[in-house]
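By letter and in written order, the chains are A, B, C, D, E and F; residue numbering begins at 1 in each of them.
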Amino acid sequence: MLVKAILLGLVGVLGNLDSRFLGRTNLEQPLVMGAFVGLVLGDLTKGLIVGASLELVFMGMANIGAAAPPDLVLGSVIATSFAILSHTNAQTALTIALPVAILGQMIGIVLRMFMSTFNRWAAADIDAGKFAKARRLHILWGLLLNVSMYFILIFLSIYFGTGVVKVVVKAIPTWLTNALTLASKILPAFGFALLMQTMLTKKTVVYLLIGFFITAYGNLSVIAVAIFAVLLVLVLNEILPKKNVATTTEQNDDDLEEL
Amino acid sequence: MLVKAILLGLVGVLGNLDSRFLGRTNLEQPLVMGAFVGLVLGDLTKGLIVGASLELVFMGMANIGAAAPPDLVLGSVIATSFAILSHTNAQTALTIALPVAILGQMIGIVLRMFMSTFNRWAAADIDAGKFAKARRLHILWGLLLNVSMYFILIFLSIYFGTGVVKVVVKAIPTWLTNALTLASKILPAFGFALLMQTMLTKKTVVYLLIGFFITAYGNLSVIAVAIFAVLLVLVLNEILPKKNVATTTEQNDDDLEEL
Amino acid sequence: MLVKAILLGLVGVLGNLDSRFLGRTNLEQPLVMGAFVGLVLGDLTKGLIVGASLELVFMGMANIGAAAPPDLVLGSVIATSFAILSHTNAQTALTIALPVAILGQMIGIVLRMFMSTFNRWAAADIDAGKFAKARRLHILWGLLLNVSMYFILIFLSIYFGTGVVKVVVKAIPTWLTNALTLASKILPAFGFALLMQTMLTKKTVVYLLIGFFITAYGNLSVIAVAIFAVLLVLVLNEILPKKNVATTTEQNDDDLEEL
Amino acid sequence: MQTWTVPTLNKRQSRKRYWSFFWRSYAIQASWNYEGQMNLGFLYGIAPVIDRIYGDGTPASLEAKKDAYRRHLAFYNCTPQTSSFVLGVASSMEEEYARNPTSFDPNSINAVKSSLMGPLSGVGDSFFQGTIKVLAFGLGVNFARKGSILGPILAVLISFVPAFLVTYYGGKLGYTAGNKFLTKLTKAGIMDRAMYLVTIVGLMVIGSMIASMIGITTPIHMGKAFSLQKTLDTIFPQMIPLAFTFVMYWLLQKKVTTGWILVICIVSGLVLSPLGIFK
Amino acid sequence: MQTWTVPTLNKRQSRKRYWSFFWRSYAIQASWNYEGQMNLGFLYGIAPVIDRIYGDGTPASLEAKKDAYRRHLAFYNCTPQTSSFVLGVASSMEEEYARNPTSFDPNSINAVKSSLMGPLSGVGDSFFQGTIKVLAFGLGVNFARKGSILGPILAVLISFVPAFLVTYYGGKLGYTAGNKFLTKLTKAGIMDRAMYLVTIVGLMVIGSMIASMIGITTPIHMGKAFSLQKTLDTIFPQMIPLAFTFVMYWLLQKKVTTGWILVICIVSGLVLSPLGIFK
Amino acid sequence: MQTWTVPTLNKRQSRKRYWSFFWRSYAIQASWNYEGQMNLGFLYGIAPVIDRIYGDGTPASLEAKKDAYRRHLAFYNCTPQTSSFVLGVASSMEEEYARNPTSFDPNSINAVKSSLMGPLSGVGDSFFQGTIKVLAFGLGVNFARKGSILGPILAVLISFVPAFLVTYYGGKLGYTAGNKFLTKLTKAGIMDRAMYLVTIVGLMVIGSMIASMIGITTPIHMGKAFSLQKTLDTIFPQMIPLAFTFVMYWLLQKKVTTGWILVICIVSGLVLSPLGIFK
């Protein structure tokens, strides 16, 4: 079991690396994960079949922006393993795998929240001129954290059985889940603020608000706003008095604070 | 009964004054009216309970703009009185009070229509330099008319019973109700026209229409249009040729008529 | 039967001429067609009654833009004729007439597609200075083609019975119908491109796109866009630097190709 | 043109003025009428300010005062509690105008009022009637049901406090911020431009109000097949309210007296509704 | 560049011209075709005006006349009854252009036609087909059902009268108002600017028509999970009609003859539909 | 200000750079975090370009290099496969800035990144996850069900090919087109203007993202009668996300260190959610 647990952990690592290191070539999809699990557990056919069933269920799901759905890689690796090991079908196995997927989702949120501190460390490294160290935060530590989480979770679930995971998941109170979710929504607001800082002036804040209100009132997508922004700018280019602009660069520090 | 009718009339007057003189501190709400009626009729508890039931029904209702819903103050004063006097519950009492509320609504419309003539009188007074007289139209006669209407209606309903009111309400033909409603919609159009008169020029009519069409086609609220108007103006401020504007003030009288 | 078939054909021609030559005075409506058919077949009353029933069904239908609904004129002429000749009622007759209406719709699409070639011929005639010939394409050949189609279709249906028509309609495969419909949608795209050619420059393409995206994203009608376009232009008129424009005319040939 | 010196208020006078804004906002609905809605109330509210400016009794002052009074007869409608803010702003503008009657366009005062009244009503109504009232009376009902007199008392108190704060400090804020902003504009020499831009906002808001606050429609139809209102809507929605407004405007341009127009309005209602033309 | 003198019309000639607008609007659909829709009809309608302007037979006139004829081969589609108004306006522009060929951009004539045809179709179709027709035939049916020949007669009469008025006076109005407005613009020396602005309106309307009047979609899908059209719509709706239009435009820029493009259009339809790529 | 000479890349060097864009886009999510999302990944991606520019070891270079590194700590989030395009464009801008540090506003680099990331995510996600993935695995599932190992292999291959093409050539295109365009702008002397306009687009897109990608709401309500969120929505939707963003912005302006703000964010979440204030 130890070897199997390690190997399955490595399959999960591969699935995780797919989106973290391999440009999302869809190795993380249930069909592929299922095949690998099948290979590892010596029942490729079942692995393929279970993977295919799970794939049909999750094919329509997409990772967009910062949303954190139940973890698919964990779900499908564990589900396929259990289907093969305990001779059940895909759907039953998935129900058993669900706690792991949920636990993964929660830990993932905490992890990505924690990695926000990397920004501080990176800034400090840059100030100190330690550029390589700053880069390593991303390519070494970021990867390592992600990968370990997957390995450990799968390893433990397989080695000790999902019963333990279930107990852990039950122990997490709902208010904490909700609180983490809220925190993970507040953080992007901070990200946007950081971004705005480099561009916002008394004069340009109006455009930020135009973009905001078009989407807020008109429900237009970001793409739509981008298209209209480009069209607006083309019209403005024709209209704006030539002088008016030259001074912008210097004005950049008279930012909103004075308001 | 005479005393009670007078006292209840005064309660209604207080309810009316709430929105006419006391800045809408919500004395007019059924709960408060009910309490006062209870006090007057010597059964505070019942007054509170009936008031509370009515409050729950009407709490969500808001007075917005020129709309004229059935009259709440009349409705709750009469309903609570009848509930106490004839030992019924709130809902039954409300059904009995409904004719009064409707009559009140109708008379209210006529009253507010009639008070439109105050504008003429005020204008005449101002022309004649009788400023105090103009002010009194508002603070004396306006109040008096409102208050009397409430007093009389409640007094009569209590003194003669709601039977009489019912007969009167039935005597009002539907076409008249509808006609009054239409008239009360046309009058604001006149108000807007008066307001536009001070601002509209050949050059600025386009902005009136922009505001109109944004709401007409896009269903955006007045707040939304105001926000976009401010944003537009901030952009225009950057763009508008400096000269262009100086002449506006003088042009103000070349209004739309020439078109 | 020959005479009747010819006369009915002429009634159909009149119906067709209504929209092609007589400014759509609504002679083409089922009620009027029915009356004429009744006159021709000697049973005016029945013609009126059948026409009236059909009218009620189709009154709400409008011809807007390039859409090609089942052919109403053919449908009502044939339906009324059959109702009178075979003593059935309007609805039954309509079902029998439907194949003709569909055949008419299909032939109509092909015809209007074919008449697109007139544009080439007209261009050639104009190049050659044969102006009258170009004009005749419209007023002579256009009319003639339209009119013949109606005459022939009705004549044949009446003379040989609708059985033949049914066979023909069944022989047209669905893919062809669909293909023709698609082709008839592509052609207006070409028309718009031709139209744009006279106006589009690098500088003005932005306005084409603004109009497009307002309708695409906001679902606003062409009228709405036209209104906003006029309002926009009035604002631009106030804003645009005076010089900026003078050079437009000459620039017209630096069109989009360079992009 | 003559200018007036408007002495600034000392502390006591300021406080008196803010209280005046407060009370007169409270009473602003006393003569609510369909034509001007709260216009007389607004006039009543700003009257002390005007009287103070043009109080020297000279003929020039008298004329200017009449103009100012007339100005505030214009349509006005806004949540009472937020009206004191508008009173404050308009007062600062009146004073500025008195100081610089040549460079200041008095029409912009009404433009500012119009720009403010729409949004402040939206925010004000939903705050006081949509939020505070529901909270206060939601609580109150719970007490009252058990027969406790605390119910209505608490409800009124909870209603009163935020209303008091918004009304009193709103007036103060409007007046002082108005003053400050106007001084800034004058110094920058961009008063003309600012007034023009303010007019634009005002007109856009009025346009939007025409589209959303009149709501006249036509019931004309023929069976189910045809409804005139639907047909009009395919051209543009709210066409009838716009038409009515422009007809009124046109009557005003034709110098028809407002009294007559008032009669026309009411009579139209009484005639066009029974005829089934509008509703 | 040569200019032409366009003698103004006397009363009789004017009346003749308006009748010509009237009849030729009536016949404007005689050669309705998918590519240009009512373009040949419009050319036929404006031909007398062009012939009169460039009728002196000189080579310069001939060339100008050819250009004018070619100009009106552009796409045109509008409710027939309101087309006479467009004919009127376009005629006044043609005359203006003949008088000032240097300062007047002839492309603006088509821009004006484009700006007008969209809205006038919307209003025209809903008026004539949505309102008048339903009223007329709603009445007519009632008579006809009782067997009365009055039914169709009344219906046609009621249809005819407003159509006649709009068509005849529309043409007159278009021509005279066009003339007046153009003279004003020329005098003010802002013709260039006006034409530029008119082009903007025209292009915006064309853009809107591309988005609303072509309607090609793709049926490509995979089970229920994936529909290409839905995916495209999340980027922007009506992408395919826009693409088709720009492909056509690009072909035109590449100097592909219109005959070939016509063939391409029809063949594409016949190929892409059975392949299940577009519908 | 000092300028740097950025020697152009020879063919081999170019190819190496494009491969670097490719691989580093692939790894761009390695340290995905809530605050900056893919910012560290982007920094990692552009680092070689920066290192090459400021590689001479002088103190001035060191400072400039630090600034450049810091710049790319800004929020960034985009579909990985389309990120290489953004890397390409940003790289060309970095080089341009190094050449003309006086006339080029480095903030516009982040403005461009912001303008691109929104739309490229929309298009990218729907292409790769909405279209390609569904097609590839739709096919793959059919094979796999029959037990064929071809299923996952085919699915991955089909997923890989378009991703490879878009990522590799996207980076190349971004870099070369960026270079070309920037040279053109510099020559035309309109760099300032262009950067200003780019900032406008960037800010509008950020505004739109604030309204659509944060999504904090309040669960406060009283029975069915009152929901605070609904009331806020009548004023304007997405008010809370806007407020949060501006509070963060204000903290930054007050020079609160980002570490503290990070703590504030997380603690707020942990406190405000259980209190039932936001969700």
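In this text, a contact is a pair of C-beta atoms (placed from the backbone, for glycine too) under 8 Å apart; a residue touches a chain by one contact, two chains touch by 3 or more.
Here's who's who by UniProt: A, B, C = PTS sugar transporter subunit IIC; D, E, F = PTS system mannose/fructose/sorbose family transporter subunit IID.
All values derive from a computational prediction rather than experimental measurement.
Participant: What is the set of chains touching both subunit C and subunit D?
Facilitator: The shared contacts of subunit C and subunit D, listed by label, come to B, E.
Participant: What's the fewest number of moves from subunit C to subunit F, given that each move must go to a chain touching the current one?
Facilitator: 2
Participant: Please determine the option from B-F, C-D or A-F whose contacts repeat those of C-E, over half of the contact pairs being identical by residue number.
Facilitator: Repeated interface of C-E: A-F.
Participant: If you tally contacting C-beta pairs, which comes out ahead, B-F or C-E? Let me know.
Facilitator: Pair with the higher count of C-beta contacts: C-E.
Participant: Taking all residue numbers used at the subunit A/subunit B interface, answer same if over half belong to both copies and different if under half do.
Facilitator: Looking at both copies, the contact residues mostly diverge.
Participant: From the mean C-alpha coordinate of subunit A to that of subunit E, what's the distance rounded to whole Å?
Facilitator: Subunit A and subunit E have C-alpha centres separated by 53 Å.
Participant: When the centre of a chain is set as the mean of its C-alpha atoms, what distance in Å lies between subunit D and subunit E?
Facilitator: Using C-alpha averages as centres, the distance is 46 Å.
Participant: At what distance in angstrom does the C-alpha mean of subunit C lie from that of subunit B?
Facilitator: 54
Participant: On a C-alpha centroid basis, what's the spacing between subunit B and subunit D, in Å?
Facilitator: 14
Participant: Give me the residues of subunit A that touch two or more other chains.
Facilitator: Within subunit A, residues 59-60, 209-210, 213, 217-218, 220-221, 223-224, 227-228, 236, 239-241 contact more than one other chain.
Participant: Can you list the residues of subunit F that touch 2 or more other chains?
Facilitator: Where subunit F meets two or more other chains at a single residue, that happens at 122-123, 130, 134, 138, 225-226, 234-236.
Participant: Once the touch criterion is applied, which pairs of chains come out as touching?
Facilitator: Pairs of chains that touch one another: A-B, A-C, A-E, A-F, B-C, B-D, B-F, C-D, C-E, D-E, D-F, E-F.
Participant: Show which residues of subunit E lie in contact with subunit F when the two form their complex.
Facilitator: 222-223, 225-226, 228, 231, 234-235
Participant: Considering only the defined contacts, which subunit E positions touch subunit D in the complex?
Facilitator: By the definition above, subunit E touches subunit D via 122-123, 126-127, 130-131, 134-135, 138.
Participant: Given the complex with subunit A, which residues does subunit B contribute to the contact?
Facilitator: Spelled out, the residues of subunit B in touch with subunit A are 218, 220, 224, 227-228, 231, 234-235, 238-239, 241.
Participant: What residues of subunit D sit close enough to touch subunit B in their complex?
Facilitator: Touch residues, subunit D against subunit B: 25-27, 29-37, 39-41, 43-44, 47, 51, 62, 65-66, 69-71, 73-75, 77, 80-81, 105, 107, 110-111, 114-115, 118-119, 121-123, 125, 128-130, 133-134, 136-138, 140-141, 144-145, 147-149, 151-152, 155-156, 159-160, 163, 167, 192-193, 195-216, 236-238, 241-242, 244-249, 251-253, 258-259, 261-262, 265-266, 268-274, 278-279.
Participant: Help me check something: in the complex, which residues belonging to subunit A touch subunit F?
Facilitator: Going through subunit A, the ones touching subunit F are 19-27, 29, 31-32, 34-35, 44-45, 48-49, 51-52, 55-56, 59-60, 62-66, 112-120, 122-123, 126-127, 129, 131, 134-135, 137-139, 141-143, 146, 175, 178-200, 204-205, 207-217, 220-223, 225-230, 232-233, 236-237, 240, 242, 245-246, 248-249, 252, 255-257.
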